[in-house]
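The letters A, B, C and D name the chains in turn, as written, and every chain counts its residues from 1.
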Amino acid sequence: MNGKIALEEHFNLPEFSNELPQYVNPEMMREVSRRLLEVSTERLGEMDATGIDYSLLSLTAPGVQAETDPRRAVTRARRVNDELATIVAAHPTRYGGFATLPMQDPAAAVAELERCVTQLGFHGVMLNGFTNIGDADTGWYYDHERFLPFWERVEALGVPVYLHPRDPLLGNQGIYEGHPELFGAVWSFTVETATHALRLMTSGLFDRFPRLTVILGHLGETLPFNMWRIDHRAAAMGDLIKFKKPLTHYLLDNFYVTTSGNFHTQTLNATLAEMGVDRVLFSSDYPYESMREAADWFDNAAINHNDRVKIGHTNARRLFPGLPERIGRSAHTARV
Amino acid sequence: MNGKIALEEHFNLPEFSNELPQYVNPEMMREVSRRLLEVSTERLGEMDATGIDYSLLSLTAPGVQAETDPRRAVTRARRVNDELATIVAAHPTRYGGFATLPMQDPAAAVAELERCVTQLGFHGVMLNGFTNIGDADTGWYYDHERFLPFWERVEALGVPVYLHPRDPLLGNQGIYEGHPELFGAVWSFTVETATHALRLMTSGLFDRFPRLTVILGHLGETLPFNMWRIDHRAAAMGDLIKFKKPLTHYLLDNFYVTTSGNFHTQTLNATLAEMGVDRVLFSSDYPYESMREAADWFDNAAINHNDRVKIGHTNARRLFPGLPERIGRSAHTARV
Amino acid sequence: MNGKIALEEHFNLPEFSNELPQYVNPEMMREVSRRLLEVSTERLGEMDATGIDYSLLSLTAPGVQAETDPRRAVTRARRVNDELATIVAAHPTRYGGFATLPMQDPAAAVAELERCVTQLGFHGVMLNGFTNIGDADTGWYYDHERFLPFWERVEALGVPVYLHPRDPLLGNQGIYEGHPELFGAVWSFTVETATHALRLMTSGLFDRFPRLTVILGHLGETLPFNMWRIDHRAAAMGDLIKFKKPLTHYLLDNFYVTTSGNFHTQTLNATLAEMGVDRVLFSSDYPYESMREAADWFDNAAINHNDRVKIGHTNARRLFPGLPERIGRSAHTARV
Amino acid sequence: MNGKIALEEHFNLPEFSNELPQYVNPEMMREVSRRLLEVSTERLGEMDATGIDYSLLSLTAPGVQAETDPRRAVTRARRVNDELATIVAAHPTRYGGFATLPMQDPAAAVAELERCVTQLGFHGVMLNGFTNIGDADTGWYYDHERFLPFWERVEALGVPVYLHPRDPLLGNQGIYEGHPELFGAVWSFTVETATHALRLMTSGLFDRFPRLTVILGHLGETLPFNMWRIDHRAAAMGDLIKFKKPLTHYLLDNFYVTTSGNFHTQTLNATLAEMGVDRVLFSSDYPYESMREAADWFDNAAINHNDRVKIGHTNARRLFPGLPERIGRSAHTARV
């Protein structure tokens, strides 16, 4: 299917290259590192070959979220966003941007958010999981009240926040001891991100800012499957409950999910059954995943054409009203 | 539907009553504590009212797995099993037993397993998550080589092992800080148990003992939803991979899941789509859940009758060949 | 769920009462006949009790389509529409109208269509199957070129046409010989209506008028299930093919289906999988069906809330832009 | 997937070649006619290439069912069965047989059935729709009491009957007037066969012979989709009802369906949801369909491996206990 819009597509700056996780096999990571830095012919060629007209680019995880010093985080985030603005300016009908934010300094994050959306024309925010603060063993999750001004501004600007995986804090990795094969995208990413999303829900964040939109990758990090049970058991938690609606309501009202890295039709069907087709968006997770594998699967998955069109691009159009009207390889030529 | 067999049905001994988790609301826990000790008229009445002919009983979590002293664990496990054998003997057409094992002492666990199956007539093993050892902050997972003789004996005896949730070790609870509402059955049980099951798979356990059967509750603790992604990403882990087959093969060959505490048709459908109907078994998770809610849902869920019969009892018959031929309230009277 | 809009809700005029099909049991038909004539307290009470805010009323089948004399058909259709306009005027926030048309006289049908939509404010057309012409054994299907001006006007007015079942012509009933139990809503309705819809598709009608919308009841009269096979085999028909797109495209672009009389979640799921949620609309088929059964099923069916809202009313709002803004029992009082 | 068993695989004898339906395009029919006569290298090569180890062969429709003279029908059926026995004998690990029966003479049909099963080793019966009698415009359906001895013998022999499509009697083709593109496998086959199957159900046949098994091709000819509605409306038919159980019970207890000619995952999923995986069998419908298309679809369809194995061969093994233990290309060599 042509005309697809992809949301979880990563790039990197050379200065972050040596900060990428090292547990996966080195050969693959060398190739990923290289591709993360390439945003021109090769990437555009992959997009052309796979019917992806437009990619929303974001700094790869953990990126600035792993910076322990708030001042450096601020500086680096600005630099990343400026670089991304340059990349987008070079290919305005093919690339859009997600802002990188220095959440280590919430006030600075708000200011940078404002700048990214209103001046750089970015379409949302990419948060690569919790943010470190002070040292590598300390992290801040975004349900904390220090981030309320951030979320308030996000809601006011009307842009979505993509909550991307990162690996758990060292202090939370005990269960993986002796099992490095379960780190990262295999499993710990999923647990970490699903739990972070649940923290946002149970904190009452979406009661306070009901128009917030959070995007999860990987078809929702298992939450569509288990949301009923979570709701059902939460009902027994009595005084511990600080939120106002069944948690499923937040999943259905405040969340979108993408297909990034979860190219499995049964899982897509389960997600559609739980969330409805308007909440699902195509993405590949390039270059950790292959655009070709993503598109081959998606274009041929056993779903109906009406759903494919929505997931492929019309849902993204609704979620990101600021996308350029004409996108894709031939966008510079006339279209009827 | 009459004739149902339920597998994740818990009881307790008074001596464990003060060891139950305390984070859920006290009123509910008082009622649960009371019902855990009742295995006669009230429970049988609930079973009669809901069409559950037969319940496989197990000591409630964390039970003996939370014992830090191996010798006490051995003693307590024997006492639990003897008590359970007495309960079963009083109602042989209504109750069967899952063995409680002192995994703190692997050799003793093997001996007790043998006794439970060959002398007490139990139908399998209930492991309430990892086992503590030495202190409350230290736990052993069952993928460790110290448990190979245990698994070997399990396979030889041909009985399944039910891997039941428990809360994570204190040292692994960091991500829940400030969020006690996410503990237990709401979410941390799910993460803990799914991760434990994945450790078993990636350890190569099922390559070594291909006829092992592990049962997971709660429709598989999210694994059916995410298994493709886990497999897909594991393929990039290179030298870290110690297992021989795609992990999905183990899920489909070596695992069963039950409906305990996950009474949601979309989730059931997702599980059926991923695992096939022969791998799914009815259960309620009484008294943490209500048999009535479980049965009302299951008996009326939008699945076909052929599937309902399999999930309701014929799959259990195949998995537990030693169940009494005639079960249920009227089992003492003649049936054609 | 409150706020539902229902589309296949029938009424009758006393003069048609003795023309209702007689094969179903007499007691039931007496009650149906009575309810068809009641459009006030009892019907509104059922709607209130079941959360149906608004019903689009239509003359029950076969109605004017069974009239063999074109002139009488014209007269009767006008009378039916005038009566319906009176009913709607009495309850403008609860009822809307589908036009009855004298298809025996295509030019008159166009004129009456125009009058119904522009003067009476009706929201679409209800065609009760083929129309008789001359005698009871002769029928006209709507793929004939004599109806092209009709379809042209329908497209221009932007209103949908509901193709409702009727029983096959006597000459086409041979396969039911000795099996009156298969007539009507049991089976022959389904075959007749699905085949009629296929005739429309293969005639090229939707190539000529690509913005036409046809509504089928009963979750699509089996077409969602078999559309792939129909398309697949049609591809082997060579010169017989007069249409331009795969037939599935017409189903997805030019058809909507309603839940009338098919209150089965597996069938709904199959329809959603084939057509997408935007193409499915709630309906009951009162008084042949019970609003209570329809609503009890729909409100509790194992679908997500986002889908339920779309099927329940937002899809109808999009399809019928002329519906009154405020509907339902309390529509006369202020709503925020 | 290797090891597949296919059930709706057709052959022909030269003498029937000029009796094949003529409405499909001549070029395709020439090729089909040729392939129907080939049961050696080419067909076995297709089977090898597609992982089909074993094909149950049957005379192509309408075959002997179109014979108007009972005596000729008897003679021809014997000849067909003898020829088929010869084919099977030449490749006993690759082919099995379905009996062709002269239903024009019910007593002779019983005798030939007996001969085919007990002497020729056939595994069931293929009925190509109703049987003509006397002339081409007269047909007998198998719910008539004249066939009770036939069904009694079928049940006693424990073999299934495959009810294959044929086109409707001329007298029942009125609705297709001007629409030859809807004949045959496009649509009229489906209607004809579904209606015939419903006649069997409503006749009370399965109450009288509850162990009968009927197989339908094409994923059940739409019945899985609409069975609930059929049951639901039949409940209003009062005195017309001569059967004892909800019709869905017969579908689930007495019917199997195959994937022949319906290679669509959504339709397969709908069928699984309604009937359960144990009731679905792989088939291609060669040479009207391509084994390659059938197998490419089936082997890669988004279903789990446990279900694929059942549909692919284990269900067939259970349904046809007399299949040779070792089948497939390498069956003559040792297998572990």
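Everything that follows uses one rule, which is that contacts are C-beta pairs under 8 Å (C-beta built on N, C-alpha and C of every residue); 3 or more make two chains touch, one makes a residue touch a chain.
Predicted model only: the values in this text are computed from it and were never measured.
When every chain is reduced to the mean of its CA atoms, the largest separation from chain D belongs to A.
For the interfaces B-D and B-C, the C-beta contact count is higher for B-D. Averaging Cα coordinates per chain places chain A and chain B 35 Å apart.
The mean-CA centres of chain B and chain C are about 51 angstrom from one another, to the nearest whole unit.
The distance from the centre of chain B to the centre of chain D, with each centre set as the mean of the Cα atoms, comes to 44 Å.
Within chain B, contacts with two or more other chains are made by residues 264, 266, 269, 273-274, 303-304. Only residues 264-266, 269, 301-304 of chain B touch chain C when the two sit together in their complex. Within the complex formed with chain C, the chain D residues making contact are 23-25, 27-28, 141, 143, 168-169, 171-176, 179-182, 184-187, 190-192, 195-196, 198-199, 202-203, 218-219, 222, 224-226, 228-230, 232-234, 236-242, 261-264, 266-267, 269-270, 273-274. By the touch criterion given at the top, residues 248-249, 252, 269, 273-279, 303-307, 310 of chain A touch chain C in their complex.
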